[in-house]
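Same chain, two partners: chain A is paired with chain B first, then with chain C.
Up next is the complex of A and B:
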């Protein structure tokens, strides 16, 4: 055992160097009258950083609209924490948001990280709003955990109806990651396809980290499907699509809202692929939606997608609820915001009027989109 | 702020236990396992199941977790008896991959990728207790046991095996028994850390026990200094506190926060290894490249 004589001094120095000293200053900077703190807990690094950036853009635009409309008496500060889409960094980040930054509203994503941080938010009575993860087990996670995205079990029936009625699909194969989301989609397809006169001809589980899909594509071809449903997320989706097309699977590829990221929509092999999202017609007459779409394009030089809209809604909802609480003379905290949500239930958001159920899940209409290439997609069933 | 620091300290203590126990087999016995997260996971699932099915007693959960992880340490000890060096690294890599797959697939025990949710808050003999004091006590016990074992005949045997296994065997040392015991101790300790982690976060899933975490714990040991008592603890403090500290940098825009933090984090680790190749507490004469 090598214990150097200067160990204690070295250890203290090292510990002091590693400890985040700015903690102390940050903790004292929270007097009343300061900005409301809205936290974000997104993957901002690693393979899923693309999602985090998209989510953040939606939230940033909402905050600029809240400020421009003078909705609140106090400004809002956006405090970002990098979840890395992993539970352990998420727990650290959530603890910081709740206990140091005193966030009253935290935007979260990713099923596992949402589950990891939900107990912390629940104990601190901080509202957590998910606009990205669609695992059905996220419903009812906590009274303070809300979803502004349709969970997976609401998306599948819409796609099944479209495939069978509009595309005359009779045979569907499923490639899925064996997680709660994949299991839920498998169960939904098993239940919904026979009702629509179709059948699930094969289901192929793939590991979450898999990147080579040649063998899976070969097995999919053997089932002779009319359509292949992909229940994955992140960069793996593009690999699956490429794997299928490279191995001669020419049939319809379809999925849930996870296909709405740029890396999928810009993939040449993804042209013609279908995916469901909540109803988002950016050319509609709805003023909230039109304003969002126009200013998003102007600000980011990019056509918005469902994730941008979801996190816009997630952030904008804070403005709507906090305004109610302020006008009633109350303190803006988790309980007051939840009471305001339960009292009002229906809100004008991007995509139209959305209504929350008692658990805090936003009920919206769904649409089917088709990828047209070069990052564009078109509504094929509104 | 106190709650935040308390949470950070709890994670430091838990990962400190992990690093200290890994250091016991890496630093003293020369067994370079990159499957330590497996035993962390076994302990987490064992502790979580005790808390969910029986009672969230932290001592009971830790003991059960230690028994499960220590018992299954044979999975690591067996290859350690047959191969060394890079070959053992490959064997432990295989164990890590198998274990992660099993964690994801054994849904009745682990909840699959969805994990186990709603793990109740810990108690000690029926009284609610925070994880931090228990984790600090467990860390102190692990460090004390490490110091005592390393100072005694067992530690000298392990060091001899690390430096020259054939010579140790020729001198009559029971290499198989020493390696098995060392691995058992390290894995049981990792199991305790896992149980504490499960009770602390109230949620566990396979994503906390992947190769990334095994590598992270190995990095804690190496940066702090292998074969030293306090080195792994210091490595833990640095590797967990640095990203937490970087989160306080006010000039990073929200959309770039992750990338800039990761770059700074990686840069700091690289510089550290350039200027302290044997780790912060390690012997300065070790680790440097020689011409």
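Up next is the complex of A and C:
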């Protein structure tokens, strides 16, 4: 939210035109050869566009690093398609990326949209990498569908453990969006809370377009919760937080990694809210993480968050794998990239050395963060 | 107690819906133009207030700016979009697509310049305190209701007691007669857009303080406005206002009886019921063909 308007406009226009600034520089550095096409299926318009902007920034920085390090013989062209966070536009965008642009690597997001486009990528053997959606069934969706984010089955138990052990929470209410993500988190809470000696005292499903949460807050208050878990995304989750706090819900508010966007962390009502992310220490000694954090701050005048790191990793991974394929003299395509991933498994990425399992899921440690206000958050359980 | 709490929440939402729906109904009733960009006027007014608030200006200055922005937008739409279209062709579909297109353009411009994501005006006015056991009320509730009541009273006086108001009503019934009396139908049409769009501003300000704004919020506003206009009776200002209030209350009270998932669906169930059983709406006049 505090990014200079010119930077934001330039970045958005470049992304919309499919010619991000890093690529322009990369193309000058390596003018030879047809570029590899890396597609993005992010929401670039509508109430979830803030995510698309954040995801794109991470990917753009990775491409600039791939170009600066001369990792590949051919340049990379980033081709943006607007998913609107909806399955139908995502399918249209994915078909274009696969059949018209001939993308070899597509960055995807959102549980419902990822599930919608996965069969298309699977048929075309195009690698799809998710760094934003957390629906547990995204694991093993296709041999060509990988995740560089911890899915809900990893996020929810960490939050439940923290709430019950550190905050003595026994009663949890859930407000969840009516989509595969919300259903997945409902299932996880139902399974995990009893194991930790707590209970789910109420679950309130809301439509994706719902905007008024005063009445929902009244229902939540009736359940007498110790904590309220919010499973939504985009502008709606901020509306839920504000609706709860404005209407007398003073208990702990918590969520998954979707809370790491700026509009939530800068919301005054969100101070004290908890959320899980994969373990990320931007001041750590590992050089990839330090380089990412320093250059992200310099380029965007913004402290990076988990989503920036995820999509940096998602795009940078292409550079690492395509370099292996090029060095072996092979053609860079979905099968070759997958073989390279399975052969290597462990990579130096933002957050430290990351290892993929056989299905293409990045194994990672988790942390719990607390929002401190004015866009800041602190790790309360590392 | 839950029923009373939900009723109060519903009245606040209903006041917002009533104001936006009345603005849309006034424009549609007087000009027969399906002003789909009415939601855009709402969005612009909300963001205008937000910027004034961020600039540290007094609330009343922000409110005046919001009203001015919405009014100017409505007048510009009439003058530069709808009037040229109607001069050449004027089909419903062309007008709708033009308004929809303007809405999309403005939505993206707002996103680019104001940022994407929720934006709110942080004020204690929206913070509810417990006034009775289990009953939480925020000052904004009374402000929303009082604002809606005052504006509707003023609008009623304007439409019934002033020459311009009478001309507006006449335009809805017989545009040719307006010209016969030497009045400018275009001028009255601009007046309808100005007043109708201005009515969206208070609702946008209350929304900025309560549930917050995003660049796409206009679509939701339009859905409610259209529903309220149909339920209230096409062309009926008081019908649209009452229907907007009823839809807001119904949406909230529904939570007493059904799952939260179905709250908004209740509004549209009411809409279907009216379309099926009373297509002319609450105050509409049934016509035989």
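Here is the rule we go by: the second predicted complex is superposed on the first by the 350 of 382 C-alpha atoms of A that agree within 3 Å, B and C clash if a C-alpha of one lies under 4 Å from a C-alpha of the other, contacts with A are read in each partner's own complex, and residues count from 1 in each chain.
The rule we apply is simple: contacts are C-beta pairs under 8 Å (C-beta built on N, C-alpha and C of every residue); 3 or more make two chains touch, one makes a residue touch a chain.
Just so it is clear, the model here is predicted, and its values are computed rather than measured.
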Checklist entry - Is A:261 touching the first partner chain B, the second partner chain C, both, or neither of them? => result second
Next on the checklist: Applying the document's definition of touch, where does A:68 land relative to chain B and chain C: first, second, both, or neither?
Outcome noted: neither
Checklist outcome for this item: Larger residue footprint on chain A, choosing between chain B and chain C, goes to B
Item to check | Which superposed partner A:207 touches (first chain B, second chain C, both, neither) | outcome: both
Checklist entry - So, A:374: does it touch chain B (first), chain C (second), both, or neither? => result neither
Next on the checklist: Applying the document's definition of touch, where does A:298 land relative to chain B and chain C: first, second, both, or neither?
Outcome noted: neither
Next on the checklist: With both complexes superposed on chain A, which partner does A:47 reach: first (chain B), second (chain C), both or neither?
Outcome noted: second
Checklist entry - Which partner does A:178 reach: the first (chain B), the second (chain C), both, or neither? => result both
Checklist entry - Can A:238 be said to touch chain B (first), chain C (second), both, or neither? => result second
Next on the checklist: Give me the intersection of chain A's contacts with chain B and its contacts with chain C, in residue numbers.
Outcome noted: 1, 45-46, 49, 52-53, 178, 207
Next on the checklist: For the complex, give me every residue of chain B touching chain A.
Outcome noted: 1-5, 7-8, 11, 28, 101, 104-105, 112-115, 117, 147, 150-151, 155, 201-205, 207-208, 212-213, 225, 227-230, 233-234, 237-238, 240-249, 254-259, 261-262, 280-283
Next on the checklist: Could you list, by residue number, the parts of chain A that touch chain B in their complex?
Outcome noted: 1-4, 7, 10-11, 14-15, 17-24, 26-27, 40, 43-46, 49, 52-53, 56-57, 60, 78-82, 84, 86-89, 91-93, 95-96, 98-100, 111-112, 115-116, 118-119, 135, 137, 141, 177-180, 183, 207-208
Next on the checklist: List the residues on chain C that touch chain A in their complex, please.
Outcome noted: 2, 5-6, 9-10, 12-13, 107-108, 111-113, 115-120, 122, 126-130, 134, 136, 138, 210-212, 214-217, 220, 251-252, 255, 259-261, 263-265
Item to check | Residues of chain A defined as touching chain C within the complex | outcome: 1, 5, 8-9, 12, 45-47, 49-50, 52-53, 175, 178, 204-207, 209-216, 218-219, 221-222, 234-235, 238-239, 242-243, 245-248, 261-263, 267-268
